[in-house]
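Okay, handing you the structure first.
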Amino acid sequence: MLNVGLVGYGYWGPNLARNLADAHDDVRLTAIADARPERRHSAERRHPGVRTCADAAALIASSDVDAVVIATPLATHKPLAEAAMAESKHVLVEKPLASSRRDAEFLAELAHKRGVRLMVDHTFVYTGAVRKMRSLVDSGDLGQLLYLDSVRVNLGLFQQDSNVIWDLAVHDLSVMDHLIDARPVAVSADGSCVAGYDHENIAYITVHFDTGFLAHFHVNWLAPVKIRHMLLGGTQRMLVFDDMEPSEKVLVYDKGIDLNHHMQDDQERRQILVSYRTGDMYAPKLDRTEALAGVVHEFASAIAERRAPLTDAGAGIRVVSLLEAAEKSLRSEGRRIPL
Amino acid sequence: MLNVGLVGYGYWGPNLARNLADAHDDVRLTAIADARPERRHSAERRHPGVRTCADAAALIASSDVDAVVIATPLATHKPLAEAAMAESKHVLVEKPLASSRRDAEFLAELAHKRGVRLMVDHTFVYTGAVRKMRSLVDSGDLGQLLYLDSVRVNLGLFQQDSNVIWDLAVHDLSVMDHLIDARPVAVSADGSCVAGYDHENIAYITVHFDTGFLAHFHVNWLAPVKIRHMLLGGTQRMLVFDDMEPSEKVLVYDKGIDLNHHMQDDQERRQILVSYRTGDMYAPKLDRTEALAGVVHEFASAIAERRAPLTDAGAGIRVVSLLEAAEKSLRSEGRRIPL
Amino acid sequence: MLNVGLVGYGYWGPNLARNLADAHDDVRLTAIADARPERRHSAERRHPGVRTCADAAALIASSDVDAVVIATPLATHKPLAEAAMAESKHVLVEKPLASSRRDAEFLAELAHKRGVRLMVDHTFVYTGAVRKMRSLVDSGDLGQLLYLDSVRVNLGLFQQDSNVIWDLAVHDLSVMDHLIDARPVAVSADGSCVAGYDHENIAYITVHFDTGFLAHFHVNWLAPVKIRHMLLGGTQRMLVFDDMEPSEKVLVYDKGIDLNHHMQDDQERRQILVSYRTGDMYAPKLDRTEALAGVVHEFASAIAERRAPLTDAGAGIRVVSLLEAAEKSLRSEGRRIPL
Amino acid sequence: MLNVGLVGYGYWGPNLARNLADAHDDVRLTAIADARPERRHSAERRHPGVRTCADAAALIASSDVDAVVIATPLATHKPLAEAAMAESKHVLVEKPLASSRRDAEFLAELAHKRGVRLMVDHTFVYTGAVRKMRSLVDSGDLGQLLYLDSVRVNLGLFQQDSNVIWDLAVHDLSVMDHLIDARPVAVSADGSCVAGYDHENIAYITVHFDTGFLAHFHVNWLAPVKIRHMLLGGTQRMLVFDDMEPSEKVLVYDKGIDLNHHMQDDQERRQILVSYRTGDMYAPKLDRTEALAGVVHEFASAIAERRAPLTDAGAGIRVVSLLEAAEKSLRSEGRRIPL
């Protein structure tokens, strides 16, 4: 039996609490900490058998807490995770793992020293859609991967303490990190703090690879429509992942190109130089299990099996590094920042 | 009566010929020049009463040609337009106006000296959708403009002699030039020549303004789906232009934001700091007249009225300048290139 | 303070319970009855302060129950509502009101005699979309109403005890009853029990009016895609209600026709005889409050104000009459059944 | 070489002329007849080498006309086809074959007597989408066919001389005739002549089979949106044919049902009695050749090979019979009319 304490019962905490409470594994939610009385009250109503407290330190110190789930503002991830690991507790941290690469690496090292599991909640990695995309990449059906293009835009919610990159792009960067085995070499980003806001509410991030693969991300809090759209192009097949579709979220197009380099009459400028292959499209059936259930299951399994979880500290460090580089590029006129 | 000669009967020429032949204005298509016999043969079949010839120079010199329409590969725009204006003929050039800013400026100056009209065929400016968008901008209904985001992707057609920027982005940059009165100050671009192709087939362009307005363009010849999507965000209202929609192409969202800067409890990280206004959406009825008919009409009217056309040499220079800067940025690691 | 008891905690009961518990009005959920222990257990977990019991009769007889909400299988609506009204309790019944017109009329008469409120939960009438549609009808903007066409199809859920008409069409018929003031005169229906099933899983219903207005309903449990689509045509404007759209559910098209009866050359068979008016389309902002909250509010208000609720026994009788006639038509080769 | 004469150069005639002119087969368009001078003038401009005449009889009698294509108003199909076959010419008639079953059967018999080919232009049968659907039916992948549901609605074009059934439903009935091998036994139809129009502009047709299969058609000239949507349900798989989609027009859903008849607790009314199978969806690549090219090819091939064409007189008779029965049902309160 794994006894789990949850720190933070704000926006995401209730979802974690529900999945911890419903977990089929030998998982038990024993305590919830939140400094705000009304949030504790809410937690008590929904989880009558679970102890609540105002003080995260008390929860972390409890003998009936073997593992700590941290769903608090980003700035507190590092001190809370550090405190929990200092008590030899396993830790699951809401994304992003930390607010800097240095902090993320510090936590990873501490986990290693203390022999505990440190996992980051890259939720999208556990969706049926992304898992299917990963299996399509693994199968080789896509051929050589060429590019990834992601759009995640909607109206709000603006956050007080960070920009749209740390809030939205973190999702898509974690998906890229999961799907693409090649390691990026640089990041550039442009953005704007329009409408008098303090932080960027529109941003474009380009992630560069030395393999020729290119990844690009558009995140925007000021769009009139909600778009969640990703393209993943390969030489053999190409994917569309549209998360706004209620059922067929991943479409696999049997499309690709074959190049031929014949000389052309110079007036024939629109001559097609490549042969396009176009075939069927299909939409694989996706597992519809809630992603957070998979997060909880993986956390519990990794602890039980004494192995690294799928989204381990390394994934957390890589994603934070990308965010940090994107932020740095934003602050230096879109300059390409090496990783 | 305006007698018009057309040079180039390849991909776009037949559309121009058809619209010149159908024009209600006092316009007459008198001659078509194309070096390729089979293209002349095709022109003769479709336009039995129109003279054809192999030699553009002969057409330009003809006494029954008052104005020359140039629909040839980009590299030939400058010499052909120069030759026509040297003969005091008015000139309409397929977009982009020329292959460099210098050439575009040279042509503009020559037109000025010779007292002839020089117009560039920025076709999209003449669509019902873009004209409606311009009138919405003019009305002030959108409030202060914040950003423009454009996506134009599909599978092929690759071109032999240029990259995806010169082929596809030219459309969207000409739309931006038409809609946005502020002048851009710099351009940056990233792209990739994936799949072994010689020119970029994927590119992202960012156009910077010192007003805080931001414009971004995604063009891609390697996408499995065809997307023609533009967002134009204002403080009061926001537009979506989806050119794949058969009828309601422009949607106007009565959405905007009001900022309020109250202090928040520091754990309340997801607290909304802005009030969103959301109201009705509407899709204005659009004029469905073919855009090229408007191009021909504007060309004839500008000549008759001895005035600059809507898409004059200045527009042509501005768009070529953006393309040139984007190309330069592509060759220098995405560095921001001042205009 | 209105004390409410809920009978039935199966599929729909929990939604009613939640809305009763959350109601801002002076409403209190005091008791829940369900014969099944596991359903009572579930109710207790979610509503710790609410008494549960196995026996509906005990609940009905309780002194702390002023009004009874019935969310049980259709066959039990009549006896339960009758028992509750016999105790002078107000009653809200899940749709349809009863399994026959005769039973529905009996209940209406009993409510009248006992001086209590009898309301039917025609949930869709309380959605923002349908309320907006009603206000558009009221405004006269649509002109004379011409037709209503409704499609409600998906894969399953099949029901044990009834066919697709009683399960799905009841929604759309209640919407029609709410929107259309004219009274229907006859009903015809066709359907099929395909795939070896006992009850019709596909059906088409036509509702006839003597005004020329025509209404038609397609309901289907065997469709591979989920469609929730309604057209409402008027001489001046036409509506589309697409409930699968996440936000713009109601579209108002400024389209209509003007007839002109000029004689035509007899070979000119495709000559347009009517002038089409086409103008803007708009999507009014909709109230997104959960419909069931409106149901609960209306029930409480009607009781407090001693007035008939919006979806009163009369609406319940009319919808049951339509269902009964459709069923009869299904059993007699699609014959038109007068109402 | 097959010399073909075309009678009628109105709405559809130009499309036939173009496909006859472009045919790769040994087909030559030699003459076009139309009583209207301006239509002949238009034909001459587009087809300079083709003779035109005012009189259909003269065309039919010409020695350089081996086969006659008839694209005239419905009422003239029979006399023109009769005249052509009397001269031993092969005949292709625009749909529907004739205005009554009797006329259609008369023409079929005459063709038989004269030993000529009689073909009806059921264009949709020759689309890539319908041909793919037929091959899916043939493959058995759909299992036992359960139902067909078709919607074809838009605003206008109203016709002077017929109702929406003869104009629009003919397409979908011809598709049904092609896809479904079982023979229908009866037809019922409801409709309305709304907005003061002389003929029905809205209609619903149900086609009954004694196999339990059910087909239903909604045609409407008064809808604010254009819908071209067909469902074809089978026990193993289900199809959606959406002709408004630019590329993926046919979607094949691996969905079906397995029934199980266990007794259920009687309060558990929403208990699922069937197991749904849901799997992948796929969109087969479709041949994009213009359907009319296939019509012309099939006509020429059937003549050359002295065999019945795919859409032979029998198909024409069956579709006219359905239309006639639907019309009769419209005139008798939707009564089911045996075929």
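Order as written gives the chain letters A, B, C and D; numbering starts at 1 within each chain.
Definition applied: contacts are C-beta pairs under 8 Å (C-beta built on N, C-alpha and C of every residue); 3 or more make two chains touch, one makes a residue touch a chain.
Everything numeric here is computed off the predicted structure, so don't read it as measured data.
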Counting C-beta pairs in contact for C-D and for A-C, the higher total belongs to C-D
Outermost chain relative to subunit B, judged by CA means, is C
Distance in whole angstrom between the CA centres of subunit C and subunit D is 38
Chain centres from averaged Cα atoms put subunit A and subunit D apart, in whole Å, by 52
Expressed in whole Å, how far the mean CA point of subunit A lies from that of subunit C is 42
Among all residues of subunit C, those touching at least two other chains are 278, 281
Counting only contacts in the complex, subunit C reaches subunit B at residues 248, 254, 278-285
Residue positions on subunit C within touch of subunit A in the complex are 48, 226, 244, 246-247
Within their complex, subunit B touches subunit A through residues 8, 10-11, 34-36, 72-74, 146-147, 149, 151, 153, 155-161, 188, 190-197, 202, 204, 206, 208, 212-214, 216, 218, 220, 222-225, 231, 233, 235, 238-240, 251, 253, 255, 257, 259, 264-274, 276, 278, 281, 333-336
